[in-house]
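All remarks here apply to the structure that follows.
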Amino acid sequence: MVGYAFMGAAHSQAWRTAGRFFDLPVEPDMAVLCGRDGDATRSAAAKLGWRSVETDWKQLLTRDDVQLIDICTPGDTHAEIAIAALDAGKHVLCEKPLANTVDEARAMVAAAERARARGVHSMVGFNYRRVPAIALARQLIAQGRIGEVRHVRGTYLQDWIVDPEFPLVWRLQKDKAGSGALGDIGAHVIDLAQFVTGDRLTGVSALTETFVKQRPLPAASSGLSASGSTERGEVTVDDTALFIGRFGGGAVAGFEATRFATGRKNALRLEVNGSAGSLAFDFEAMNELSFFDGAEDPATAGFRRILVTEPTHPYAGAWWPPGHGLGYEHTFTHEIADLLRDLGTGAEPSPSFADGLQVQLVLDAVARSAEAGSGWQRIEEVND
Amino acid sequence: MVGYAFMGAAHSQAWRTAGRFFDLPVEPDMAVLCGRDGDATRSAAAKLGWRSVETDWKQLLTRDDVQLIDICTPGDTHAEIAIAALDAGKHVLCEKPLANTVDEARAMVAAAERARARGVHSMVGFNYRRVPAIALARQLIAQGRIGEVRHVRGTYLQDWIVDPEFPLVWRLQKDKAGSGALGDIGAHVIDLAQFVTGDRLTGVSALTETFVKQRPLPAASSGLSASGSTERGEVTVDDTALFIGRFGGGAVAGFEATRFATGRKNALRLEVNGSAGSLAFDFEAMNELSFFDGAEDPATAGFRRILVTEPTHPYAGAWWPPGHGLGYEHTFTHEIADLLRDLGTGAEPSPSFADGLQVQLVLDAVARSAEAGSGWQRIEEVND
Amino acid sequence: MVGYAFMGAAHSQAWRTAGRFFDLPVEPDMAVLCGRDGDATRSAAAKLGWRSVETDWKQLLTRDDVQLIDICTPGDTHAEIAIAALDAGKHVLCEKPLANTVDEARAMVAAAERARARGVHSMVGFNYRRVPAIALARQLIAQGRIGEVRHVRGTYLQDWIVDPEFPLVWRLQKDKAGSGALGDIGAHVIDLAQFVTGDRLTGVSALTETFVKQRPLPAASSGLSASGSTERGEVTVDDTALFIGRFGGGAVAGFEATRFATGRKNALRLEVNGSAGSLAFDFEAMNELSFFDGAEDPATAGFRRILVTEPTHPYAGAWWPPGHGLGYEHTFTHEIADLLRDLGTGAEPSPSFADGLQVQLVLDAVARSAEAGSGWQRIEEVND
Amino acid sequence: MVGYAFMGAAHSQAWRTAGRFFDLPVEPDMAVLCGRDGDATRSAAAKLGWRSVETDWKQLLTRDDVQLIDICTPGDTHAEIAIAALDAGKHVLCEKPLANTVDEARAMVAAAERARARGVHSMVGFNYRRVPAIALARQLIAQGRIGEVRHVRGTYLQDWIVDPEFPLVWRLQKDKAGSGALGDIGAHVIDLAQFVTGDRLTGVSALTETFVKQRPLPAASSGLSASGSTERGEVTVDDTALFIGRFGGGAVAGFEATRFATGRKNALRLEVNGSAGSLAFDFEAMNELSFFDGAEDPATAGFRRILVTEPTHPYAGAWWPPGHGLGYEHTFTHEIADLLRDLGTGAEPSPSFADGLQVQLVLDAVARSAEAGSGWQRIEEVND
């Protein structure tokens, strides 16, 4: 695994846990953690449970005890590492967004296709697809329970940079992160909306905004100026992105991603209205799915709060009795379990790098529309 | 009062009730109900409690016992009646949307200004402003409790025409209704968003859609064709309108109005995120306001569910003890009470016809953007 | 109508409104308001819309323009007025609790039976039975939608006397009010639980408590002592009553009534669990009913939030479109409408005085158990 | 660890995970899993991650690589194993309820005291104390944020045996389980109520009921009779227990535990009303705590939905960013982390066996009251 911050901790827990609750064809061996700073990486490896460390990710390519590389670094490094890994015959799990640009993403898809021909597989880490409630929503739509999809309403609301004194971390720098709320969290809600409906956005009209345009440099890289005030730098990404769009199947959609929704901590919300019913989800109550069944008698119809913890619910049967919910980290455990099972059977893991590229194309269309006065931007189709 | 359908019943109840709970300078006398069909109007007048009837609204202009004309008819008749009434020296309360076109709305504003010079006043019926929770939200924002407004999120979701066999009523015909979900319910959520924030939209990018393009003609005007099938007509209005926009004060916004959100009955929802807090409202739980106070210690911060039924809450003190909620009709009772108090003191009633025109300009910009490939449309400023 | 405080205002609005929305056999004439203080009563009559006033309720018995007497006074006066009215051939609507003692209630039932023989009818005002969601709950249970009832869970939580400086009003005095939270609000939740299930409590075990034992005398009756401190009096009623019990049909139950539940304003809550489903209600969200249908596939089962505003829902068809909710006062309007329709058809209005007596017997058993160390107290059966 | 069913899986995950997120003085070595059936135990050990197996728990007492014994077996075996383990110098973590009888619990407390003198410690597994929202509730009450506690309302509602064909598992047999809903889940809500308030029940009045009196014998132990019908056995425990009670500090309380609340999956709910505020919790939304602060201005007061995922919240800082919730299993991880830290510092782990005995005394009083016509039963005090 490359990287050991927030995502690294979540992935480590997933690698350790997946085989304890799911029947997997192989038992993962957490061989090596890779980071640039040797001491910090050694300390993280001990904490997170990795057997050894490397400080240069290229070493992973040659180690025989490494069959899969899990990339948890910022987006600007994804393409280089992933392509090299695939070309070296290592399976790859790459965190989202797949890349910071469409061009990088295309190159990664090409590498994934080359690798696949040799039995080497890849997956992009849209972990929220593995929330049981989201997987159930997809099932219900696929079964026709809400009929023809008319409306998709997606938001991803956070508030962690409302304070203008919050520092200029890498996620606020375009060269590292590619974009702001759009790529970091907008990518998730776009992917979910397309995953749940089984349909894809074909065009968008967008606007973006950066509310706080300068921020203090982080402690590490900043210093006090002669006058004693903190040095500030430019925020080069969006604080929020909003767009309206159309799906291939005829649905209309509205999306919003922001880190300025005071009080909303992780409100990844999705509502889908169909001709025969509706579904609604909010990650802040991740064990629940709201379902309105239009086939019910109006006298007793209403949005049902389904606790998605029954043995028959996706993933839930591997865990605890009904009503005993799961948490954020389980989305990663499910992701690893699905990945390892697919590697065992030779099935193509999903979401693929092509899926990652397609989301990148949506992000790109949003950014282009926002730059061009909100005019409509068509989204290129991706062949899977 | 002209018109006696759904709106007519709500207004009648308000005229009858306002003086029983609020101290008013005058006691309304429900003098005359006007409708085209004499028998039906007489029957409605008896039911709704009006003293006499007329079948030609022009008769109202000359009656000495009529000081105020309350217009509850479809939008295509608003301009003619309102202008004539004002010019005849009658105060006017006109249901929203003010008119079906910007030109009509401008003419009405001009008439209102002429009349005002003679002490004759006018008001447009955005009744949802008088929901206590909405009035409280406006107070809290005006007091700075959520700081600088960054995000506005407004939806008005209904589902009463999801069934493709629902008939082609007047609200689905452009010549009668002006537009569809946009003008009927979108107008409400636009007005509320501007009212609550004390700010105005300056530009939008929009899309609209008509999902069901043909519908059975209503029983009255249709007939069975030779083949036995019901005759159908064109739906000439939008089923849904979505738009993103910007407010003058720097906030960004997303809006959606639809009659195809299966299971959502009257989900007039508004969320506003500011630099220091947030507010959220849903008319389906109209006695509640959600408030997040960013000044709270994070350990105990959270969205508060305020039951807006305390004596100190707007309008609530006139009614019942805390926790004993109000209903839809009370928004009209508050509207009438405010109107009569303003007429008593000579204050200009609010929202004014100019406010109605301004909403009309937003609707117009939305429609123009939707027609022109979602490109950005600036909204003309209105002087109040 | 006798009495013009909180209940008087609610009843007046109901008398004025019922005929405007429901088809009634008679149009009520709000003839006379009765109160002891002439000036105050005249002022109230003008405000509430009554035609004349009396200062001695006995005058009502002889007036020809009075066919029905609506008793909205404290409980200690119910028996005398109601019995005299019935014996004088006036129909009676009497606010709950029916009386302050079982003996008074028995005498009232006897008077009601005598009167009924002469075509004179009576009703006790458990208005919450007329919340559409409650009426729907009763329908669903009667239809067997939740199967055999196993659990009943009822609470009525308020907080208006948490402040120890809140004065010693009549509701806190046993000679006026009979009991405290128990009779005032506990009576409502007991009645609702029995109404909704169609079953009756057969025995209880209880405890009561008075948290604040002395309070300032109300301004009218108090004075400052020589030392300048406010005079205080004994609180002679319960602040809270809790009990567990059994229903005739085999269900077990827990109840609680309190005015010390800080933050709960009018939380009249009822949950019923049956062998095939469950229902839950909270008056603070009075337009909603929660329903769990045990017959659903577990994969999509969940508590449904039914918005009880559909045309097919009890009472709702007379009002507004779906999603446009009702308020507290509508429970009284429904009560009056039902009463007048029953008087028109000669049907016996419900709940009857016998129903009121039965609730009184439950209250009495609760009080006796609480006094006797929480030992079990059987509840006498009442024949209807 | 002894036992490897539901509880065993949860504890294994906790032993494996605690050190990855919390700084602990020792790294646990999952040495040995013990079960009666060798093959099943070996299979479970492989799945759950234990190094070796034993089929006789007495072998654990003599193994040098065992410093702590974690007892996850049914309640009838707790006393024997725990006492032997403590006397053999092994620390003990024992699942709740501590024992099936008060006498066994007393003997365990005596063994714990003997052991403590030798530096050997013990803990009883009331894992729900380690839900962050519950730990926060305790903090807020200890800080006086809700003032003097007046009301405690606790329920634990499940529905897994509503079906009368659900088999007669060990939890429905008094000799194995001690009691039914009362000891299994009622014990949790009693412990939580006392933990959160920092106060203890002093007396109760109770009733219990067994709705389904006979059930099919489980597959393993049953057989088809000659006539082809399934053999049935007696349910010897309660299906539900309800009681009212008093706390030492003056609060009154109502409790209910049931496995017959159709649709309620794991509704461990607790509400506490104090003179200055209120708290409410429901495990079905375990990452949330509702808090009403009575010190707020009534105009903006309301129950706050606190997402208990902030870095300053109990336990939450060790995990993910705000809004990224935890699940059921984390309660056990927290339990193990607390236990190991206490063993490291020599602090007495909490809850102690004495705490377990005290809960047992409450359960015993409830059972005695229910048997004796719901009369009041005082609860003996336990010295800690």
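For clarity, chains are labelled A, B, C and D in written order, and residue numbers in each chain start from 1.
Everything below uses one rule, namely that contacts are C-beta pairs under 8 Å (C-beta built on N, C-alpha and C of every residue); 3 or more make two chains touch, one makes a residue touch a chain.
Not measured: the values here are computed from a predicted model.
For the interfaces B-C and A-B, the C-beta contact count is higher for A-B.
Centres computed as Cα averages put chain B at a distance of 54 Å from chain D.
Between chain B and chain C the centroid-to-centroid distance comes to 36 Å (mean Cα coordinates, whole Å).
If you average the CA atoms of chain A and of chain B, the two centres end up 40 Å from each other. Touching two or more other chains at once are residues 264, 301-303, 307 of chain D.
Taken chain by chain, the contacts link every pair, so each chain touches all the others. Note for the complex: chain B touches chain A at residues 146, 150-151, 153, 155, 157, 159, 162, 205-207, 209, 211, 240, 242-244, 246, 250, 252-254, 256, 258, 260-264, 273-278, 292, 294, 301-303, 373-376. Every residue of chain B that touches chain C in the complex is listed here, in rising order: 6, 9-10, 12-13, 16-17, 20-21, 47-49, 158, 160, 264-267, 283-288, 307, 309, 319-330. Contact residues of chain B toward chain D in the complex are 136, 140, 145, 289, 291, 293, 298-307, 310, 312-313.
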